């Protein structure tokens, strides 16, 4: 009996079951450094002890996107090793800060199964939870992936689609309990930015000024770091005969690079609180240069005791080989299809202090 | 008098002398992270504090292959800077766990010298030992390398070949004294695997399902990380006029990548205890995709007090640009020469718990 | 009002003002590892706890060049985002050791402004200081950069050139207060080198024996690690239409790679104390192979209480695709222009123990 692991197919999933994913991962200070080296991220909450402690945190925090990648990465072997496409996300929440020394593990509950009309594959809906070593839920999200069937000829007829929220209400956003803005009057010393919650207006678009060209080593290193095993990112020998002829870059890498570019113009944002939804609009490959823009979709005050804090609902769009600050790019073409330059469309909530003036 | 360091030639070595190699190296949590980023390794003993402590270890352990690379890397300046080829290994033992914060240094004893019949070069046999900051021996191995002579015309006639063991007896395998399986009944929560010592049969071959394409940055970063100075890995300017026209990937990088791929199907293996022997069958270059298979050569119980533990003797073979799970590959051709796709042939002992049922 | 950050132009600077740069950066043990992985550096003060403590330091020290890159990197967004060229350095001093756990921030004082004769741009002279979390100055340096004008047609006529020292007197060199050579008689166990201060002679040139080929990932990772945002290093999409058609490697990366190569032959050097001056003679690109040589310009004893210590004034020159140990290379051509193979010309002071014999 072969021990070659071939992953789960559509028929292998049962509605309601929960899979506990392998390999708990302890994060180090060095993981923070590697994340910065991979993305160029400069958000001070994740790179500066004095800034983090000034806000009430024990020390600098593991970037929530690094936490996401680790939790996501563990789910790949069980959920998406035979995935054709990662279709979307909904209702992602960052619930607890993760510190160096913490250990993350993850579970996925099968919350929906829908066979496609062709019968060749099906959509698997999961709710994935990241847990720390104290079994606290540090983040959770829903995603749905298109997974091949073991036997395309045997129809299952299953059609269980979960009801997923289109957005998280501002009042429901998780706010880190550690956060203490009482002693903070000015973040400029650390962030370099002068703009606070009141300075952002609905409809405003920030075209971030940087661009980052991606190399094979860069994306593979980050993807290995988070122990994501999806073969399409690593194996040129098989990808050569794929539709694209090359390795696909892990979509999470693009989220991280876009987020790092988006520091310029959003300097005083503290962290992401959650995602309303998101999709990887087009694939990216080594050699592509990533740009990003952020559109303010909503600005909401937060309920007491978070009076000093506001939320910005932001649509972060990433582009390849086209700078939205230099050229006009329509997100979608005439038939509703994403422009080929658009690679990410992410709708998220950011936390940002109000001006103390 | 020039201070340009040109390394030792065959005539510079004296039978019986011991060289203390330079630059003790303190390892950090970040080195564990970099190792994972370079190889994709997922073995939980090296990436998870809770798993490591559940087995009796103080915290997660530096991967024994990273320890090997560090100890090996130090020996290069003194032993193999003028090496033509790294011919083989025998009787490698992993004696003590290495933790973040430990400092490794290394020594090599010249245990054999044999001039080749042409007189142009000679084989140097060394026993290299890795020591921690408490002067405990953490690992040791024998290797032999073909080294150029300073003066090819002056014959030395030296022919001292050491008697090296072909294998380590299972009863002699080093078992970490910290290891405590008493409280452990199921590793699946951490490893994702259900197979224990009794589930592996002699003759069984696991063709691991992943493949990893190598980039210049990837192998150079790991090789620099362990402060290995062998020029063939780094200098394209001189390698352009070499036999291969390109940089050679450090053979140890291939061992690590193959080992990381071999997690699938060997999830409950705790660690390598030692190597019986090994050779780098063919060179690898950037752009090559590595695959691996593991053949069970022997299964041996371990003597008391290690009743809960078994040993698997495994032949791990790494291939380039050919997936042994998809195509039939004969290891050696008609004249006993390795197939050009075979790049590593390693015979090692792994420790794995017995099933508690 | 757009929040796209476009950086400062020549007219935006005011003589005498001090800019506090954003994003304090806490360094980890993992940053030491990443520095070694990027450069291959082997100097034991930065990679070995036992060696560092034997010399009086608390533990291994963050490489002073990594500290420099971090401090420099922070200044880019404010000073050199619109820079045409980084013209030179003067009077750099490494004042305090930086340890893992320390947080670096930086400020720049505008000490000179000179419009060029064309009026299209101007030279900005800054004195940049790196501070730790206790507000101790850990390093400082002067540099001058050519910066574009916002309005090339409006002449400013400003011509304020600071008087910068051509060299640091040996008696003024900062010596780490922690350094204690009393118990140290021989560094060979850690460094592998037998040469001390007395063994180096004015005029002696060491052609270091290694060579390092640079990849896009390698230089971008180190440059991102230190949160340097200069676009020319990262954006192939825009660089394709630049004069060179490709990404420029951060000049500091070359200093670090050359320094790492220069370990061979200067093994017992403890650290850099300061730079007299330096310039990036020609640009480097991915694919270039870097070589280095060191010429001893002066040897000076240090005043009491540093009797056991000497200083070497060293001219470290880096070359691309030409090995100065194999071919004769004139640094400058007939018209005083650097040879195209010369990429760095750095004049610095190194500290090295005297022989205890």
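Read from first to last, the chains carry the letters A, B and C; within each, the first residue is number 1.
The criterion applied here is as follows: a residue touches a chain if its C-beta (ideal position, glycine included) is under 8 Å from a C-beta of that chain, and two chains touch if they have at least 3 such contacts.
Just so it is clear, the structure is predicted and the values come from calculations on it, not from any experiment.
Q: If you fit subunit B onto subunit C using the CA atoms, what's the rotation angle, as a multiple of 5 degrees?
A: Copies differ by a rotation of 120 degrees.
Q: Is the contact between copies subunit A and subunit B built from the same residues on both sides or from different ones, judged by whether over half of the numbers are shared?
A: Comparing the two copies, subunit A and subunit B contact each other through largely different residue numbers, since under half are shared.
Q: For subunit A and subunit B, let me know how many angstrom lie between their CA-based centres, rounded off.
A: So the centre of subunit A lies 36 Å away from the centre of subunit B.
Q: Two or more other chains in contact with one residue: find those residues in subunit B.
A: 28-31, 33-34, 100, 215-217, 221
Q: Considering the complex alone, what residue numbers of subunit B touch subunit C?
A: 2-6, 20-26, 28-31, 33-34, 77-78, 100-101, 103, 133, 215-217, 220-222, 224-225, 227, 229, 231, 234-238, 247
Q: Applying the document's contact rule, which stretches of subunit A touch subunit C when the two form their complex?
A: My answer: residues 28-34, 36-40, 42, 44, 47-51, 60, 100, 188-193, 195, 204, 206-213, 215-218, 221, 264-267, 287, 289, 321, 323, 325.
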